[in-house]
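Every chain is named by a letter (A, B, C and D) in the order it is written, and numbering of its residues begins at 1.
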Amino acid sequence: MEEVKEIKILFLGDIVGSAGRKAVKDLLPELVKKYQPDFVVANGENAAGGYGLTEKVAEELFSYGIDVLTSGNHVWKKEFYPYLNKSERVIRPANYGEGAPGKGWTVYTKKELKLGVINLEGRIFMRPLLNPFLVGKKLALELKKETPFILVDFHAEATSEKIALGYFLDGIVSVVIGTHTHVQTSDARILPQNTGYITDVGMCGAVESIIGMKIDQALEMYLTMVPRKLEVEKTGKLKLEGAFVRLNQKGETIFIETFRVIS
Amino acid sequence: MEEVKEIKILFLGDIVGSAGRKAVKDLLPELVKKYQPDFVVANGENAAGGYGLTEKVAEELFSYGIDVLTSGNHVWKKEFYPYLNKSERVIRPANYGEGAPGKGWTVYTKKELKLGVINLEGRIFMRPLLNPFLVGKKLALELKKETPFILVDFHAEATSEKIALGYFLDGIVSVVIGTHTHVQTSDARILPQNTGYITDVGMCGAVESIIGMKIDQALEMYLTMVPRKLEVEKTGKLKLEGAFVRLNQKGETIFIETFRVIS
Amino acid sequence: MEEVKEIKILFLGDIVGSAGRKAVKDLLPELVKKYQPDFVVANGENAAGGYGLTEKVAEELFSYGIDVLTSGNHVWKKEFYPYLNKSERVIRPANYGEGAPGKGWTVYTKKELKLGVINLEGRIFMRPLLNPFLVGKKLALELKKETPFILVDFHAEATSEKIALGYFLDGIVSVVIGTHTHVQTSDARILPQNTGYITDVGMCGAVESIIGMKIDQALEMYLTMVPRKLEVEKTGKLKLEGAFVRLNQKGETIFIETFRVIS
Amino acid sequence: MEEVKEIKILFLGDIVGSAGRKAVKDLLPELVKKYQPDFVVANGENAAGGYGLTEKVAEELFSYGIDVLTSGNHVWKKEFYPYLNKSERVIRPANYGEGAPGKGWTVYTKKELKLGVINLEGRIFMRPLLNPFLVGKKLALELKKETPFILVDFHAEATSEKIALGYFLDGIVSVVIGTHTHVQTSDARILPQNTGYITDVGMCGAVESIIGMKIDQALEMYLTMVPRKLEVEKTGKLKLEGAFVRLNQKGETIFIETFRVIS
C-alpha cells in the first residue's frame, strides 16, 4: 500500500426504497465512470420499502457496485439481524449499547486497499445512545492501526451536533459525512486539520417527494397529525445525491465535492 | 333527569393487552358491587396486544361492563379506523386535526342519564397536536348544553401540562382524569371550582411488569437502546387501577378516590 | 404597480451575534451591488449575543439596509416585547397562540412595491405551536389581497416538515425559505406550481464555529452534556449566507439561487 | 455498626423555591418527631427561585435538618459550581460526562452510620446522558464496599424508565426513589429482591400551584406557547411530600411509605 498516491471514495446518501435502488442502478455507472472511485459506500437505512434493510435488498445494492452499506435509526428490523450479525459489509451505528445486533464499523479491503468505515448516530432529537464523540474517537484510533483511510458516516439530525463531531474528529479521521436528513447541504469542505466534512449528503430516490416518500401522504400526516407509515414515492424523476472524496496517502482529504445526478 | 341526586362514575386506567382485559373481567365485578357506578369508562389504547384497539377487543371490553372507551396516542391502527369512525362508544383524542378518523368526544346515555366524555392528548413530549386547552374548553362548553356531567380523559405525559389543564377546566367540566403514564398518582382531589382531578389513574394489567410489558424485554431495550416492540406481560398477579368519582346534580365532583385491586 | 416587470429579493439566513452583524455590515453592500434587490429580508433571531434581538440590534441591522427582520424560537426575550409589539419591520413566527407579543406577518412597502412576509415555526423537534400549514395558508390568502409578492420564512428543524410546507404552499405564495439549522442546503429550486423553495439558507457569522458559536464551548457541552449558554464566535473569517429570488409580476418565482460570501 | 438493627431514612421530593424551603422549615420537625429518621435526604434542584441551587440556599436547607441534597436537570447554574465541586453533601446526577462539575454520589456518615446516596438522571424526554442503568449499577457496586445502605434518587420523567431502573437495581441497592415530576405516585412498594421503590415522591412547595409555580403564568404559557421563566407560587397552603423508608442491617428495604403533610 506504500505506493498508493491517493484513494477516491464515492458516498451515496440514504437510498430510499425501490426508487432509490433504481436510481443507484441507473445512475451509479455514470458516476463511477466519471470519478473512478476505489470505494463506493452508501447509506442503506431506508432501502427496503423506505424503512430498514433486508438481506435481499442489501445484496441487490452490492450487485450495483456498492462496497459497504452504512445505516442508521431505521435499520432495526428483527428479520435483518442474522444478516447484520454476520455481514462485514453492512454496519449499523456504533454507539448502540453492548449486545446490540451487528457492528458499528468495518475495514473493507479491495485491491489491497483498506478502507475503515465507522457509522455513528446522533443523539439530539434522536435516541439517547452512547456518546458518539467518545465512541467515534475510540474506534477511529483503533482502526488507524489498520489503515489511514477512515470514513465516518454520522447519521444525525442536528446541524450543531454534526459540525461539532466534524471538528472533534478533525485530524483523526479522513472524512466525516453526514446523513439522515435526506437533504444535501452546500457546506462540503476540508476542516483545518485536513478532515473532509459535509453536514448532509442528501438521498437517492424520487425527486418530487418528501424526503423520498409520497407527498400527499406526508401532507395528510402534517394536517391531521395521525401517525402513519408513509409509502415510498416511485414515480417521476429520480436523483442520486452524494459526495466524492479524494484522500492522500496520509488519509487526509485533499478534495471533496457533492453531486446530484437526475434521471 | 331533574330528580337525579348524584351520579357515580368508575374510571379504569390504560388496559394493557390480554392481561389487562383479564384483570377487567376478573376484578371489575367486585368494584361494581362496591361502588354501584352509573357509568364505567376505561382507557383502551393498549388493550390489543399492548398497542391500540381492535373491534373484537373493544366488544370484549364492552361485554365486561365498560360503557365508553377512551384512548390515546396508540389508537392509530389503520384496521381499526372503520370501527372508530362509526362507534359512539370508542373515542380518540379530540385534538387531532380535521380529517382524523373517529371523534374525540361522545355523549353516552344510560338509564336516561347522559355522560359527556371528552378525550384529549397532551403535547409535551408527545405529538404537536391542536392545543388541548382550547379544544377541550370549546368541546366542554358544547357538551354542557346536553348534560352537566362531563368527564375529560387527558392522556398526557407531563405532570405540568396535566395539572394546568385541570385548573384550566376547573369549574367547566366535572372531572379531569389523567392517563398515559400507567402509574397511579396519589393526588386525587377536588379543585377550587369543584372539578375533580387526578394526574394519572394508573393501568390495568400485570403487577410485575414495566408499565404492563415484559421486564426483561424493556431492560434489554434500555441497555442496548435498540428499539423493539415489547410484549405484554401475561403472568403473575394482575391489577386494576382507576378512580371512582361522585358528581352532584350540577355536575360538580363531590367525591373522588383512587383504587387498586390486585388479583 | 401594474408596470412592475419583476421584483428581486435578497434573503439572509440567521444573523448570529456581533460577528453576524459585522458580516452584514461588511458584505451586504457587495451583494446589493451585484443583485440590486428591491427588498432585503433577514432572519434576526440570533442577532443579539446569539440569542434573540434587542431594539438596538434591530435598528443597527436596519441601518445596514435590511428592510424586514424575521425571527424564530429564540426571539422571546421579555425586554424586546415592547419593540416587537409596535414594530412593522420585525416579526415573529405567526403560529404562536393568541396573546403572544408581536405579530407573525407584515406587508412592507418600498418605492410603491409591497412585499408580504410571513414567519412560521416548525413543530417537529420544536415547540407544539399552532399548525404552521393551516396558519400559513390562511395568512397567505389574506396577504394576497394586498400583494402577489409573498415570502415565507419557515423557521424549522426537520427537513420533512420544511419540504412538506413548500409543497403545501406551492402556487399560493411566492417563495418558501427555510431557516433555523444555520447550514445552507443545496436544494434551492422552483416547485411545480412556481413557488421558490429552499430547505435552509444558512447563517451569517463566523466561518470557523459551530453554527456561529465557539467551537470549544460547544464541544465541552457535547462531551459533558452539562447545559450552558454558548458564546458567539467573533474571530476569524466571516460569512454571509442567503438566497436571491426573482419574482415575476404574478408573484411567481422565476429564479432562485443561494450565495455564500466570505470576508 | 454490627449492632445496627435497622436504619430509617426520610426523603423529601423536589423543594420548590422559598415556598418549598418554608415548607421544610415549618413541617419537617413534625415528620422528624414522628419518624425519628437516621438520615434526611432531599432533592434540592428547584430550591433557589424554582431553578437550581445556591450556596446560601443549600446551607439554609442543611440548617433545617437535611443531611444530603440530591438534584437533577436544573442544578447547572455556573455560580453554584465552586460549591458543588467541594461539597460532600450536595450531589448532581452521576451520569453526566467526565469533566462535569460536582459529583454524582456521596457516602454520608452520621453517628457512625454510613449512607450511600447516588443521584441519576433519566434520558427519556430529557438530555442524552450516559446510560443511568450502567452508571448506577457500577457506582452501587463500589459504594457497597463501604456500606450496605444505598439510596438512589432517580430524577427522571418517563415512568417506564423509572420502573425499569427499579427492577434493574433490585437486590443491588436499598431503595430507588423517583423525583422530577413533582407529583407523588401511589406505587411505593418493595420489589421482589427487597429493594424499596417509588416512581415519584412528589414535591415541597405551594399546594395551589402547577408543580410549584404560579398557575396563571403556566396557563399563559400553555395558551400562547411563548416560553417564559415561571415564578414560584408563594401564597396559600404549603405541602411537604416524600417517602419514609426503613432498611434492615443487610440494607434491604423492610418498609416504605409516602407522606404528604400540609400546613
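In the analysis below, a contact is a pair of C-beta atoms (placed from the backbone, for glycine too) under 8 Å apart; a residue touches a chain by one contact, two chains touch by 3 or more.
This structure is a prediction, so every number in the text was calculated from the model and none was measured.
K.L.:
With respect to inter-chain C-beta contacts, which pair, A-C or B-C, contains the greater number?
P.N.:
Of A-C and B-C, it is A-C that has more C-beta pairs in contact.
K.L.:
Averaging over Cα atoms per chain, report the distance between chain B and chain C in Å.
P.N.:
Comparing mean C-alpha positions, chain C is 43 Å from chain B.
K.L.:
Cα centroid separation between chain A and chain C, in whole Å?
P.N.:
Their C-alpha centroids are separated by 30 Å.
K.L.:
Give the residues of chain D touching no fewer than two other chains, as numbers and ranges.
P.N.:
Counting only residues that touch two or more other chains, chain D contributes 97, 127-131, 223.
K.L.:
Edges wherever two chains touch, nodes for the chains themselves; is that graph a line, a ring, a star, complete, or other here?
P.N.:
Drawn as a graph, the chains make a fully connected set, so complete.
K.L.:
Using the touch rule from the top, collect the residues of chain C that touch chain D in their complex.
P.N.:
Going by the criterion above, the answer is residues 76, 78, 96-101, 127-130, 220, 223-228.
K.L.:
Can you list the chain C residues touching chain B in their complex?
P.N.:
Per the touch definition, chain C meets chain B at residues 97, 123-124, 127-131.
K.L.:
Going by the contact rule at the top, pick out the chain D residues touching chain B in the complex.
P.N.:
That would be residues 125, 131, 133-134, 157-161, 163-165, 167-168, 181-187, 192, 199-200, 202, 208, 210-211, 215, 218-219, 222-223, 258, 260 of chain D.
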